[in-house]
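Next come two complexes built around subunit A: one with subunit B, the other with subunit C.
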Partner chain A sequence: MDATINLIIFYALAVVVLSMSVLAVTTKKILRAATYLLFVLIGTAGFYLMLNYHFLAAVQITVYAGGVVVLFIFAIFLVSSKGEVIEPHAKRKVVLGLLASVAGAAVVFFALFKHQFVIDSANTTMIGDQEMNMKVIGQALIGTGKYQYLLPFEILSVLLLACIIGGILIARKR
Partner chain B sequence: MIPMEHYLIVSTLMFFIGIYGFITRKNMIAMLISLELVINAVDINFIVFNRYLFPGQLEGMFFTLFSIAITAAETTVALAIIINVYRKIGNVNVGNINKMKN
Partner chain C sequence: MFDFAIVTSWIDQFLRSFLSAGWTLFVEFVLIGLVILALYAVLALLLIYVERKVCAFFQCRIGPNRVGPWGVLQSVADMVKILLKELINIKRVDPFLFKAAMFLVIIASICTFGALPFARGLQTIDFNIGVFYLLAVSSLGVVGILLAGWSSNNKYTMIGAMRSGAQLISYELSAGLSLMAIVVLSGSMQLSEIVNQQAEMWFIFKGHIPAFIAFVIYLIAGHAETNRGPFDLPEAESELTAGYHTEYSGIQFGFFYLAEYLNMFIVAAIATTMFLGGWMPLHIPGWEGFNQVMDFIPSVIWFFGKAFLCVFLALWVRWSFPRLRIDQLLNLEWKVLMPISLINILLMALLVL
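After this line comes the complex of A and B, so read on.
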């Protein structure tokens, strides 16, 4: 029973995510594309929750849905007039893009179904109700040992500082 | 338990929908939105491989965490550049960017 409910939730999420992705790349209004992207990102957070990465789902919603999408919407307000429609693209380009993505997807699907993944079914951490402990995450993030990530964490903070300065420098009015 | 392949199918489809959008869009913000889809699909892949194949470790989760942060930084700079382009040439279509070099 539990497995069936999980499967139903997964398929509902998959349908929402995929249809919203298609709409995000085909819609003519740019603001709508940003809104559909928001739904895709929230659906992805749902996938993370289904896989028991609760911290990551929270990060996904705060950083993406709270930060990046708002940034997109403000940029759209700044660069486009009201009700502006994205220029229709050339037919040849659409066909080429469709061809490239279908060919790429075919290659990836071939590799995916050809390969047999070795899943350790004896491992109980993937069965379900085991949540990732926050203490473990925090200690791995601020540790200097093997499989710990203090250096990337600090480099990331420097990168964010550089991005703040660069963003101000590029986008300011002269 | 949902089979691993189902997640991978969803993320593959999302990836190539993003590629399609990146090729066919002219508006630079729309291209950036397609790029977000691609990055998101890769993040799902990291997480799924971490959960199903190496459930005792945390590498996939931290890769996704750092990937989300770097994407946020990258989006900020890209949107700053796009706003600057709009100030210079009045629209944000990729075909007009070669005017930037003058």
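After this line comes the complex of A and C, so read on.
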């Protein structure tokens, strides 16, 4: 029965994520697209919660829903005028876009079907009964040993710092 | 001290005695949802009454005094009124975003509210990442405010939304950083663990000066995050009519109103949990008799007492200071509070080492 409830929640989330992502790319209004994207990202956080990976769910909500989408909305506020409707694309762009999406789908499906999912009823982590401890994540992020990520973490920080300085430089140019 | 886990586990056992495990879970989900919504609504009524009374005393008035003794039923009457009000359909709004915005605001607030530890054993869900969860979910509200301002198709709402976006995003930083100081002190993000560690002494005393600085910064930043004066630029009524919720009517406006009051309580409750010991009674090491006496006061009373003390501080600030200008507001955050809270974390780390 527990598995059934999990399955129901999974399908509910899947329906939300799929329908919202289709709406996000088909809507004619750009701010609505950003809102649909927000729902997709929240739905993804729901998947992480189902897997009991609470840390990732919280990161997903803070960074994407609270940060990136707000940034998108601000950008839309600043650059687009009220009620602007996206113009239909040129035919060549439509064809190219279709080709790109088919190629992307092919890669994803290839990976999905090639990968051997281990279905083991004794393995409770499949259902997600164990919660990832915050301490483990923290130490992996800041450790210098094998499978620890201090160097990538610091490099990413420097990259972000460069982005911030670049942003300020562009904004203050006048 | 009474442990509410006895009650909750009894309900769980009772449901399990005649339902299967899955259905028990389902019924519990629904029950918890109903309880949280009911508590949310009741607290909102209480807070609105408290706000009006406290505001009246600060302004040397009596405040609501006609409906019920001392006017205690005034907010109930107001609730009935707002539920019966007409919802005005506004032309040229974006209907989907207009409707979605208020739900985003109130859902973010309810999600944060749901994870608070109200008393011993009375916590809906005890995440390993508790503090981080609270910060994450409460950051969703700003999207709702931005969408509300944009979709209303009105210059006042638009300016209000832009201001609140800048304000909320900035103040979220120092609110988060000041909570991190306590996470450094306790070495855990789990709310139950944090509360338990304050059994001997609350963190505001245990953490010496850094904890006190963090407490003050959290109160300021949290107050700014609730969009209330002196930080009420997004809805400054003298310049923007009502800011981002100008175009909302009836219960649609009520949602924003509810969320604003409950956010004030949530900030107070988080401050209580992180700094003032949550539902833990006041214990002073060495004073055994005193500690025994304090243990007789139920944990619910401790929690709500401390939370309402913080709410009173917020009201005191709100009715005492004039509104800031937007540049003063952003300067305060980026040039004063942020550096102080960063240094404060360093100080706290040194203290813990």
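The criterion applied here is as follows: the second predicted complex is superposed on the first by the 134 of 174 C-alpha atoms of A that agree within 3 Å, B and C clash if a C-alpha of one lies under 4 Å from a C-alpha of the other, contacts with A are read in each partner's own complex, and residues count from 1 in each chain.
The definition used in the following text is that a contact is a pair of C-beta atoms (placed from the backbone, for glycine too) under 8 Å apart; a residue touches a chain by one contact, two chains touch by 3 or more.
Note that this is a predicted model, so its numbers are computed, not measured.
Peer 1: In the overlaid three-chain picture, which partner chain does A:V158 touch, first (subunit B) or second (subunit C), both, or neither?
Peer 2: In the superposed model, A:V158 contacts neither subunit B nor subunit C.
Peer 1: Who does A:T4 touch here: subunit B (first), subunit C (second), both, or neither?
Peer 2: second
Peer 1: Which partner reaches more residues of subunit A, subunit B or subunit C?
Peer 2: Larger number of subunit A residues touched: B.
Peer 1: Thinking of the overlay built on chain A, is A:M134 touched by subunit B (first), by subunit C (second), by both, or by neither?
Peer 2: Second partner only, subunit C.
Peer 1: Using the superposition described at the top, list the residues of subunit A that contact subunit B and also contact subunit C.
Peer 2: Residues common to the subunit A contacts of subunit C and of subunit B are 55, 59, 67, 132, listed in rising order.
Peer 1: Would you mind writing out the residues of subunit C in touch with subunit A in their complex?
Peer 2: Contact set of subunit C toward subunit A: 20-23, 25-26, 94, 96-97, 100, 127-129, 132-133, 135-137, 139-140, 142-143, 146-147, 150-151, 153, 158, 161-162, 165, 169, 172, 188-190.
Peer 1: Which positions of subunit A touch subunit C when the two form their complex?
Peer 2: The contact residues of subunit A facing subunit C are 1-2, 4-5, 29, 31-32, 35, 38, 42, 54-55, 58-59, 61-62, 65-67, 69-70, 73-74, 77, 82-83, 131-134.
Peer 1: For the complex, give me every residue of subunit B touching subunit A.
Peer 2: Touch residues, subunit B against subunit A: 1-2, 4-10, 12-21, 23-27, 29-30, 32-34, 36-37, 40, 43-44, 47-48, 51-53, 55-59, 61-62, 64-66, 68-77, 79-84, 86-87, 92-93.
Peer 1: Per the contact definition, I'd like the list of subunit A residues that touch subunit B in the complex.
Peer 2: 3, 6-7, 10, 14, 17-18, 21-22, 24-26, 30, 33-34, 37, 40-41, 44, 47-48, 50-53, 55-56, 59-60, 63-64, 67-68, 71-72, 75-76, 78-80, 86-87, 89, 93-94, 96-98, 100-102, 104-105, 108-109, 112-113, 117-120, 123, 125-128, 132, 136-137, 140-141, 147, 149, 152, 156, 159-160, 163-164, 166-168, 170-171, 173
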